[in-house]
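Chain lettering (A, B, C and D) follows the sequence in which the chains are written, and residue indices restart at 1 in each chain.
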Amino acid sequence: MSSPLPTPPHCIADFCLIPLGTPTASVAREIASVQRLLKTSGLSYTLHSAGTTVEGSWDDVMRVIGQCHEMLHREGVVRIQSDVRVGTRVDRVQGMGEKVERVERLLAEGEDASREG
Amino acid sequence: MSSPLPTPPHCIADFCLIPLGTPTASVAREIASVQRLLKTSGLSYTLHSAGTTVEGSWDDVMRVIGQCHEMLHREGVVRIQSDVRVGTRVDRVQGMGEKVERVERLLAEGEDASREG
Amino acid sequence: MSSPLPTPPHCIADFCLIPLGTPTASVAREIASVQRLLKTSGLSYTLHSAGTTVEGSWDDVMRVIGQCHEMLHREGVVRIQSDVRVGTRVDRVQGMGEKVERVERLLAEGEDASREG
Amino acid sequence: MSSPLPTPPHCIADFCLIPLGTPTASVAREIASVQRLLKTSGLSYTLHSAGTTVEGSWDDVMRVIGQCHEMLHREGVVRIQSDVRVGTRVDRVQGMGEKVERVERLLAEGEDASREG
(Lines give C-alpha, C1' and ligand atoms only; values in the text may rest on other atoms or scores of the structure.)
Protein backbone atom coordinates (compact mmCIF):
# COMPACT_ATOMS: atom_id res chain seq x y z
CA MET A 1 0.00 0.00 0.00
CA SER A 2 1.31 3.37 -0.99
CA SER A 3 1.34 6.15 1.61
CA PRO A 4 -1.51 8.67 1.27
CA LEU A 5 0.84 11.63 1.74
CA PRO A 6 0.74 14.12 -1.14
CA THR A 7 3.87 15.38 -2.92
CA PRO A 8 4.89 19.06 -2.70
CA PRO A 9 2.73 21.51 -4.69
CA HIS A 10 5.83 23.41 -5.84
CA CYS A 11 9.49 22.59 -6.47
CA ILE A 12 12.48 23.80 -8.44
CA ALA A 13 14.48 21.02 -10.06
CA ASP A 14 17.73 21.27 -11.95
CA PHE A 15 18.61 18.22 -13.99
CA CYS A 16 21.58 17.10 -16.03
CA LEU A 17 20.72 14.19 -18.29
CA ILE A 18 23.43 11.93 -19.71
CA PRO A 19 22.89 9.32 -22.42
CA LEU A 20 25.19 6.28 -22.17
CA GLY A 21 26.46 4.03 -24.92
CA THR A 22 25.83 6.56 -27.68
CA PRO A 23 28.17 6.60 -30.70
CA THR A 24 29.51 10.11 -29.97
CA ALA A 25 30.49 12.01 -26.85
CA SER A 26 28.27 14.93 -27.83
CA VAL A 27 24.95 15.26 -26.04
CA ALA A 28 23.72 18.43 -27.81
CA ARG A 29 21.20 16.56 -29.96
CA GLU A 30 19.64 14.88 -26.91
CA ILE A 31 19.56 18.13 -24.93
CA ALA A 32 17.83 19.87 -27.83
CA SER A 33 15.17 17.12 -27.84
CA VAL A 34 14.73 17.64 -24.09
CA GLN A 35 14.21 21.39 -24.59
CA ARG A 36 11.55 20.72 -27.21
CA LEU A 37 9.71 18.37 -24.88
CA LEU A 38 9.90 20.86 -22.02
CA LYS A 39 8.42 23.51 -24.29
CA THR A 40 5.31 21.37 -24.81
CA SER A 41 4.96 20.77 -21.04
CA GLY A 42 3.86 24.31 -20.24
CA LEU A 43 6.28 24.44 -17.28
CA SER A 44 8.81 27.26 -16.77
CA TYR A 45 12.31 26.09 -17.60
CA THR A 46 15.70 27.49 -18.45
CA LEU A 47 18.79 25.89 -19.99
CA HIS A 48 22.27 26.60 -18.64
CA SER A 49 25.64 25.06 -19.37
CA ALA A 50 25.39 22.40 -16.65
CA GLY A 51 21.73 21.44 -16.85
CA THR A 52 18.15 22.58 -17.19
CA THR A 53 16.14 24.15 -14.38
CA VAL A 54 12.41 23.51 -14.33
CA GLU A 55 9.74 24.74 -11.95
CA GLY A 56 6.25 23.50 -11.09
CA SER A 57 4.45 20.96 -8.92
CA TRP A 58 6.57 17.99 -7.82
CA ASP A 59 4.47 15.60 -9.89
CA ASP A 60 4.54 17.71 -13.07
CA VAL A 61 8.29 18.32 -12.84
CA MET A 62 9.19 14.70 -12.17
CA ARG A 63 6.80 13.48 -14.86
CA VAL A 64 8.40 15.65 -17.51
CA ILE A 65 11.92 14.52 -16.55
CA GLY A 66 10.73 10.90 -16.78
CA GLN A 67 9.17 11.66 -20.16
CA CYS A 68 12.54 13.00 -21.32
CA HIS A 69 14.10 9.63 -20.44
CA GLU A 70 11.31 7.74 -22.19
CA MET A 71 11.50 9.95 -25.31
CA LEU A 72 15.26 9.41 -25.64
CA HIS A 73 14.88 5.66 -25.11
CA ARG A 74 12.40 5.65 -28.01
CA GLU A 75 14.93 7.60 -30.08
CA GLY A 76 17.38 4.74 -29.49
CA VAL A 77 19.35 5.68 -26.37
CA VAL A 78 19.56 2.46 -24.35
CA ARG A 79 20.67 3.89 -21.04
CA ILE A 80 20.24 7.30 -19.43
CA GLN A 81 21.47 8.70 -16.14
CA SER A 82 20.23 12.01 -14.75
CA ASP A 83 21.37 14.02 -11.80
CA VAL A 84 18.45 15.98 -10.36
CA ARG A 85 18.82 18.64 -7.68
CA VAL A 86 15.37 19.36 -6.37
CA GLY A 87 14.34 21.83 -3.69
CA THR A 88 11.08 22.49 -1.89
CA ARG A 89 10.25 25.05 0.79
CA VAL A 90 7.20 26.01 2.77
CA ASP A 91 8.36 29.31 4.27
CA ARG A 92 7.69 31.20 1.05
CA VAL A 93 7.30 30.78 -2.68
CA GLN A 94 10.51 31.61 -4.54
CA GLY A 95 10.77 31.43 -8.28
CA MET A 96 14.02 30.29 -9.88
CA GLY A 97 14.88 33.80 -11.04
CA GLU A 98 14.63 35.33 -7.58
CA LYS A 99 17.42 33.22 -6.13
CA VAL A 100 20.07 34.78 -8.35
CA GLU A 101 18.64 38.27 -7.89
CA ARG A 102 18.86 37.93 -4.12
CA VAL A 103 22.53 36.95 -4.21
CA GLU A 104 23.32 39.73 -6.68
CA ARG A 105 21.63 42.27 -4.43
CA LEU A 106 23.75 41.10 -1.49
CA LEU A 107 26.88 41.34 -3.62
CA ALA A 108 25.97 44.88 -4.75
CA GLU A 109 25.26 45.94 -1.15
CA GLY A 110 28.60 44.57 -0.05
CA GLU A 111 30.39 46.54 -2.74
CA ASP A 112 28.50 49.70 -1.83
CA ALA A 113 29.39 49.18 1.81
CA SER A 114 33.09 48.74 1.06
CA ARG A 115 33.10 51.80 -1.19
CA GLU A 116 31.43 53.80 1.57
CA GLY A 117 33.97 52.25 3.96
CA MET B 1 -1.39 20.33 -22.38
CA SER B 2 0.95 17.76 -20.93
CA SER B 3 2.75 15.43 -23.31
CA PRO B 4 1.11 11.98 -23.60
CA LEU B 5 4.46 10.20 -23.29
CA PRO B 6 4.64 7.72 -20.40
CA THR B 7 7.44 7.72 -17.84
CA PRO B 8 9.84 4.74 -17.61
CA PRO B 9 8.41 1.53 -16.10
CA HIS B 10 11.60 0.94 -14.12
CA CYS B 11 14.35 3.09 -12.64
CA ILE B 12 16.98 3.04 -9.92
CA ALA B 13 17.25 6.30 -7.99
CA ASP B 14 19.75 7.24 -5.33
CA PHE B 15 18.84 10.29 -3.31
CA CYS B 16 20.52 12.37 -0.65
CA LEU B 17 18.04 14.58 1.17
CA ILE B 18 19.21 17.64 3.10
CA PRO B 19 17.03 19.68 5.46
CA LEU B 20 17.94 23.40 5.63
CA GLY B 21 17.50 25.82 8.50
CA THR B 22 17.23 23.08 11.14
CA PRO B 23 18.59 23.79 14.64
CA THR B 24 21.31 21.13 14.45
CA ALA B 25 23.72 19.95 11.78
CA SER B 26 22.64 16.34 12.31
CA VAL B 27 20.28 14.83 9.77
CA ALA B 28 19.99 11.36 11.34
CA ARG B 29 16.48 11.96 12.70
CA GLU B 30 15.21 13.07 9.28
CA ILE B 31 16.90 10.17 7.50
CA ALA B 32 15.33 7.73 9.98
CA SER B 33 11.90 9.21 9.16
CA VAL B 34 12.64 8.77 5.47
CA GLN B 35 13.53 5.09 6.01
CA ARG B 36 10.24 4.52 7.84
CA LEU B 37 8.28 6.10 5.01
CA LEU B 38 10.16 4.04 2.41
CA LYS B 39 9.30 0.90 4.37
CA THR B 40 5.58 1.62 3.99
CA SER B 41 6.00 2.24 0.24
CA GLY B 42 6.60 -1.38 -0.63
CA LEU B 43 9.53 -0.43 -2.89
CA SER B 44 12.99 -1.99 -2.62
CA TYR B 45 15.44 0.41 -0.99
CA THR B 46 18.77 0.40 0.75
CA LEU B 47 20.49 2.98 2.94
CA HIS B 48 24.19 3.77 2.53
CA SER B 49 26.38 6.46 4.00
CA ALA B 50 25.80 8.96 1.17
CA GLY B 51 22.14 8.39 0.41
CA THR B 52 19.33 5.92 -0.11
CA THR B 53 18.87 3.84 -3.25
CA VAL B 54 15.33 2.97 -4.26
CA GLU B 55 14.04 0.93 -7.17
CA GLY B 56 10.67 0.75 -8.92
CA SER B 57 8.63 2.48 -11.60
CA TRP B 58 9.63 6.11 -12.29
CA ASP B 59 6.31 7.38 -10.94
CA ASP B 60 6.40 5.30 -7.74
CA VAL B 61 10.02 6.20 -6.99
CA MET B 62 9.58 9.92 -7.62
CA ARG B 63 6.30 9.98 -5.68
CA VAL B 64 7.90 8.47 -2.59
CA ILE B 65 10.82 10.93 -2.69
CA GLY B 66 8.29 13.77 -2.96
CA GLN B 67 6.36 12.29 -0.04
CA CYS B 68 9.60 12.32 1.99
CA HIS B 69 9.87 16.07 1.34
CA GLU B 70 6.22 16.62 2.26
CA MET B 71 6.47 14.51 5.44
CA LEU B 72 9.51 16.46 6.68
CA HIS B 73 7.84 19.78 5.86
CA ARG B 74 4.92 18.66 8.03
CA GLU B 75 7.38 17.76 10.78
CA GLY B 76 8.58 21.37 10.69
CA VAL B 77 11.47 21.45 8.19
CA VAL B 78 10.91 24.61 6.14
CA ARG B 79 13.29 23.88 3.28
CA ILE B 80 14.66 20.65 1.78
CA GLN B 81 17.12 20.04 -1.00
CA SER B 82 17.65 16.59 -2.49
CA ASP B 83 20.19 15.33 -4.94
CA VAL B 84 18.73 12.46 -6.97
CA ARG B 85 20.77 10.30 -9.33
CA VAL B 86 18.33 8.36 -11.43
CA GLY B 87 19.05 5.83 -14.14
CA THR B 88 16.87 4.04 -16.67
CA ARG B 89 17.81 1.51 -19.32
CA VAL B 90 15.98 -0.46 -21.95
CA ASP B 91 18.67 -2.96 -22.95
CA ARG B 92 18.01 -5.14 -19.91
CA VAL B 93 16.57 -5.11 -16.42
CA GLN B 94 19.26 -4.71 -13.80
CA GLY B 95 18.51 -4.62 -10.10
CA MET B 96 20.54 -2.39 -7.83
CA GLY B 97 22.37 -5.35 -6.29
CA GLU B 98 23.61 -6.69 -9.62
CA LYS B 99 25.63 -3.58 -10.44
CA VAL B 100 28.01 -4.08 -7.54
CA GLU B 101 28.22 -7.84 -8.17
CA ARG B 102 29.23 -7.23 -11.76
CA VAL B 103 32.08 -4.91 -10.81
CA GLU B 104 33.24 -7.28 -8.08
CA ARG B 105 33.30 -10.16 -10.56
CA LEU B 106 35.46 -8.09 -12.91
CA LEU B 107 37.81 -7.20 -10.06
CA ALA B 108 38.08 -10.85 -9.02
CA GLU B 109 38.76 -11.94 -12.61
CA GLY B 110 41.47 -9.30 -12.91
CA GLU B 111 43.14 -10.59 -9.77
CA ASP B 112 42.94 -14.19 -10.98
CA ALA B 113 44.43 -13.15 -14.32
CA SER B 114 47.33 -11.32 -12.71
CA ARG B 115 48.00 -14.26 -10.39
CA GLU B 116 47.96 -16.61 -13.34
CA GLY B 117 49.99 -14.15 -15.45
CA MET C 1 51.73 5.78 -1.92
CA SER C 2 49.60 8.02 -4.07
CA SER C 3 49.31 7.23 -7.76
CA PRO C 4 51.57 9.35 -9.98
CA LEU C 5 48.74 10.01 -12.46
CA PRO C 6 48.02 13.69 -13.06
CA THR C 7 44.53 15.20 -12.82
CA PRO C 8 42.84 16.65 -15.92
CA PRO C 9 44.21 19.99 -17.21
CA HIS C 10 40.69 21.29 -17.85
CA CYS C 11 37.24 20.70 -16.41
CA ILE C 12 33.86 22.36 -16.05
CA ALA C 13 32.30 21.93 -12.62
CA ASP C 14 28.87 23.00 -11.48
CA PHE C 15 28.38 23.02 -7.74
CA CYS C 16 25.49 23.60 -5.39
CA LEU C 17 26.66 24.21 -1.85
CA ILE C 18 24.30 23.74 1.11
CA PRO C 19 25.04 24.84 4.68
CA LEU C 20 23.45 22.64 7.37
CA GLY C 21 22.31 23.58 10.87
CA THR C 22 22.14 27.30 10.12
CA PRO C 23 19.49 29.40 11.90
CA THR C 24 17.59 30.28 8.72
CA ALA C 25 16.61 28.40 5.60
CA SER C 26 18.09 31.12 3.39
CA VAL C 27 21.44 30.46 1.78
CA ALA C 28 21.80 33.76 -0.09
CA ARG C 29 24.39 35.15 2.34
CA GLU C 30 26.59 32.04 1.98
CA ILE C 31 26.25 32.01 -1.81
CA ALA C 32 27.27 35.69 -1.93
CA SER C 33 30.41 34.83 0.08
CA VAL C 34 31.15 32.03 -2.37
CA GLN C 35 30.85 34.42 -5.33
CA ARG C 36 33.29 36.84 -3.68
CA LEU C 37 35.80 34.05 -3.12
CA LEU C 38 35.43 32.85 -6.71
CA LYS C 39 36.09 36.38 -7.92
CA THR C 40 39.49 36.38 -6.20
CA SER C 41 40.37 32.97 -7.71
CA GLY C 42 40.82 34.26 -11.23
CA LEU C 43 38.78 31.37 -12.63
CA SER C 44 35.82 31.82 -14.99
CA TYR C 45 32.53 31.25 -13.17
CA THR C 46 28.87 31.99 -13.54
CA LEU C 47 26.01 31.89 -11.04
CA HIS C 48 22.64 30.41 -11.95
CA SER C 49 19.58 29.58 -9.89
CA ALA C 50 20.66 26.02 -9.11
CA GLY C 51 24.38 26.43 -8.60
CA THR C 52 27.61 27.99 -9.78
CA THR C 53 29.56 26.80 -12.82
CA VAL C 54 33.33 27.18 -12.72
CA GLU C 55 35.95 26.32 -15.31
CA GLY C 56 39.69 25.69 -15.08
CA SER C 57 42.19 22.95 -14.32
CA TRP C 58 40.83 20.11 -12.14
CA ASP C 59 43.13 21.08 -9.27
CA ASP C 60 42.29 24.79 -9.37
CA VAL C 61 38.55 24.16 -9.60
CA MET C 62 38.46 21.59 -6.80
CA ARG C 63 40.73 23.71 -4.61
CA VAL C 64 38.45 26.74 -4.85
CA ILE C 65 35.35 24.67 -4.02
CA GLY C 66 37.20 23.29 -0.99
CA GLN C 67 38.19 26.83 -0.01
CA CYS C 68 34.52 27.81 -0.17
CA HIS C 69 33.78 25.06 2.37
CA GLU C 70 36.66 26.16 4.59
CA MET C 71 35.67 29.84 4.39
CA LEU C 72 32.09 29.12 5.44
CA HIS C 73 33.27 26.86 8.28
CA ARG C 74 35.37 29.78 9.52
CA GLU C 75 32.29 32.00 9.28
CA GLY C 76 30.53 29.60 11.63
CA VAL C 77 28.78 27.03 9.43
CA VAL C 78 29.43 23.68 11.10
CA ARG C 79 28.44 21.39 8.26
CA ILE C 80 28.35 21.83 4.49
CA GLN C 81 27.23 19.51 1.74
CA SER C 82 27.96 20.25 -1.93
CA ASP C 83 26.78 18.55 -5.04
CA VAL C 84 29.39 18.88 -7.77
CA ARG C 85 28.81 17.87 -11.39
CA VAL C 86 32.17 17.81 -13.08
CA GLY C 87 32.97 17.00 -16.68
CA THR C 88 36.21 16.45 -18.56
CA ARG C 89 36.80 15.65 -22.21
CA VAL C 90 39.81 15.06 -24.41
CA ASP C 91 38.19 15.21 -27.85
CA ARG C 92 38.10 19.00 -27.84
CA VAL C 93 38.15 22.02 -25.56
CA GLN C 94 34.66 23.34 -24.92
CA GLY C 95 34.00 26.35 -22.75
CA MET C 96 30.89 26.48 -20.60
CA GLY C 97 29.23 29.05 -22.85
CA GLU C 98 29.57 26.96 -26.00
CA LYS C 99 27.42 24.12 -24.68
CA VAL C 100 24.29 26.25 -24.53
CA GLU C 101 25.05 27.89 -27.89
CA ARG C 102 25.31 24.50 -29.54
CA VAL C 103 21.93 23.36 -28.25
CA GLU C 104 20.33 26.67 -29.20
CA ARG C 105 21.73 26.38 -32.72
CA LEU C 106 20.21 22.89 -33.03
CA LEU C 107 16.87 24.19 -31.78
CA ALA C 108 16.93 27.09 -34.25
CA GLU C 109 17.82 24.74 -37.13
CA GLY C 110 14.95 22.46 -36.16
CA GLU C 111 12.52 25.36 -36.23
CA ASP C 112 13.82 26.53 -39.61
CA ALA C 113 13.46 23.01 -40.97
CA SER C 114 9.87 22.66 -39.77
CA ARG C 115 8.98 26.07 -41.21
CA GLU C 116 10.51 25.13 -44.52
CA GLY C 117 9.02 21.61 -44.37
CA MET D 1 46.46 35.14 -7.35
CA SER D 2 44.89 32.17 -5.68
CA SER D 3 43.36 32.66 -2.23
CA PRO D 4 45.61 31.48 0.62
CA LEU D 5 42.72 29.67 2.35
CA PRO D 6 43.37 25.96 2.92
CA THR D 7 40.92 23.24 1.90
CA PRO D 8 39.20 21.08 4.55
CA PRO D 9 41.40 18.47 6.29
CA HIS D 10 38.63 15.88 6.11
CA CYS D 11 35.70 15.17 3.83
CA ILE D 12 33.45 12.34 2.72
CA ALA D 13 32.75 12.29 -1.01
CA ASP D 14 30.42 10.02 -2.92
CA PHE D 15 30.94 10.00 -6.65
CA CYS D 16 29.19 8.48 -9.61
CA LEU D 17 31.34 8.55 -12.73
CA ILE D 18 29.82 8.20 -16.19
CA PRO D 19 31.80 7.68 -19.39
CA LEU D 20 30.19 9.21 -22.51
CA GLY D 21 30.45 8.09 -26.10
CA THR D 22 31.56 4.56 -25.24
CA PRO D 23 30.49 1.71 -27.52
CA THR D 24 28.34 -0.01 -24.90
CA ALA D 25 25.94 1.16 -22.20
CA SER D 26 27.77 -0.89 -19.58
CA VAL D 27 30.09 0.96 -17.22
CA ALA D 28 31.23 -2.04 -15.15
CA ARG D 29 34.68 -2.16 -16.77
CA GLU D 30 35.31 1.52 -16.03
CA ILE D 31 34.04 1.22 -12.46
CA ALA D 32 36.34 -1.76 -11.89
CA SER D 33 39.29 0.35 -13.09
CA VAL D 34 38.25 3.08 -10.69
CA GLN D 35 38.16 0.62 -7.78
CA ARG D 36 41.68 -0.57 -8.64
CA LEU D 37 42.97 3.00 -8.68
CA LEU D 38 41.27 3.78 -5.37
CA LYS D 39 42.94 0.73 -3.85
CA THR D 40 46.37 2.16 -4.67
CA SER D 41 45.44 5.55 -3.17
CA GLY D 42 45.47 4.34 0.42
CA LEU D 43 42.17 6.14 1.11
CA SER D 44 39.12 4.44 2.67
CA TYR D 45 36.47 3.78 0.07
CA THR D 46 33.42 1.65 -0.47
CA LEU D 47 31.46 0.76 -3.60
CA HIS D 48 27.68 0.75 -3.64
CA SER D 49 25.16 0.43 -6.44
CA ALA D 50 24.92 4.18 -7.11
CA GLY D 51 28.51 5.28 -6.64
CA THR D 52 31.68 5.04 -4.61
CA THR D 53 32.18 6.73 -1.25
CA VAL D 54 35.70 7.85 -0.38
CA GLU D 55 37.04 9.53 2.72
CA GLY D 56 40.15 11.60 3.43
CA SER D 57 41.48 15.13 3.15
CA TRP D 58 39.72 17.31 0.57
CA ASP D 59 42.85 17.47 -1.58
CA ASP D 60 43.53 13.72 -1.50
CA VAL D 61 39.92 12.82 -2.26
CA MET D 62 39.54 15.30 -5.12
CA ARG D 63 42.93 14.33 -6.56
CA VAL D 64 42.02 10.66 -6.73
CA ILE D 65 38.67 11.40 -8.42
CA GLY D 66 40.53 13.55 -10.96
CA GLN D 67 43.04 10.74 -11.47
CA CYS D 68 40.11 8.39 -12.19
CA HIS D 69 39.03 10.76 -14.98
CA GLU D 70 42.57 10.99 -16.34
CA MET D 71 43.09 7.21 -16.20
CA LEU D 72 39.90 6.53 -18.14
CA HIS D 73 40.76 9.21 -20.71
CA ARG D 74 44.09 7.40 -21.24
CA GLU D 75 42.16 4.15 -21.65
CA GLY D 76 40.26 5.80 -24.50
CA VAL D 77 37.16 7.35 -22.94
CA VAL D 78 36.85 10.78 -24.58
CA ARG D 79 34.36 12.35 -22.20
CA ILE D 80 33.51 11.73 -18.55
CA GLN D 81 30.92 13.28 -16.28
CA SER D 82 30.92 12.69 -12.52
CA ASP D 83 28.43 13.64 -9.89
CA VAL D 84 30.19 14.20 -6.57
CA ARG D 85 28.39 14.71 -3.28
CA VAL D 86 30.91 15.99 -0.81
CA GLY D 87 30.40 16.86 2.82
CA THR D 88 32.60 18.54 5.42
CA ARG D 89 31.89 19.32 9.06
CA VAL D 90 33.78 20.91 11.92
CA ASP D 91 31.53 19.95 14.83
CA ARG D 92 32.93 16.43 15.00
CA VAL D 93 34.72 13.80 12.96
CA GLN D 94 32.31 11.25 11.54
CA GLY D 95 33.45 8.34 9.45
CA MET D 96 31.29 7.14 6.59
CA GLY D 97 30.26 4.00 8.48
CA GLU D 98 28.94 5.89 11.50
CA LYS D 99 26.27 7.72 9.53
CA VAL D 100 24.37 4.55 8.70
CA GLU D 101 24.84 3.16 12.22
CA ARG D 102 23.34 6.28 13.73
CA VAL D 103 20.22 6.10 11.58
CA GLU D 104 19.85 2.37 12.25
CA ARG D 105 20.09 2.99 16.00
CA LEU D 106 17.32 5.59 15.74
CA LEU D 107 15.18 3.16 13.77
CA ALA D 108 15.77 0.39 16.32
CA GLU D 109 14.91 2.73 19.20
CA GLY D 110 11.70 3.74 17.46
CA GLU D 111 10.70 0.11 17.05
CA ASP D 112 11.48 -0.64 20.69
CA ALA D 113 9.44 2.36 21.77
CA SER D 114 6.43 1.31 19.71
CA ARG D 115 6.63 -2.27 21.03
CA GLU D 116 6.80 -0.95 24.60
CA GLY D 117 4.08 1.60 23.91
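FYI, a contact is a pair of C-beta atoms (placed from the backbone, for glycine too) under 8 Å apart; a residue touches a chain by one contact, two chains touch by 3 or more.
These are the chains along with the protein names UniProt gives them: A, B, C, D = Thiamine-binding protein domain-containing protein.
Since the model is a prediction, treat every value here as computed from it, not as a measurement.
Colleague: Comparing the two chain pairs, does A-C have more C-beta contacts than A-D, or is it the other way round?
Modeller: A-C
Colleague: Greatest Cα-centroid separation from chain B: which chain?
Modeller: C
Colleague: For chain A and chain C, what's the span in angstrom between their mean Cα positions?
Modeller: Their C-alpha centroids are separated by 15 Å.
Colleague: Return the distance between the CA-based centres of chain A and chain D, expressed in whole Å.
Modeller: 24
Colleague: So which stretches of chain B touch two or more other chains?
Modeller: Those would be 16, 20-21, 25, 78-79, 81, 83, 85, 89, 91.
Colleague: In their complex, what parts of chain C are in touch with chain D?
Modeller: Its residues touching chain D are 1-3, 5-8, 11, 20-21, 37, 40-42, 58-60, 62-64, 66-67, 69-71, 73, 78-91.
Colleague: What does chain D use to touch chain A in their complex?
Modeller: 16, 18-27, 78-79, 81, 83
Colleague: So in the complex, the part of chain C that touches chain A is made up of which residues?
Modeller: The touching residues are 12, 14, 16, 25, 28-29, 31-32, 35-36, 46-51, 53, 83, 85, 89, 91, 96-97, 99-100, 102-104, 106-107, 110.
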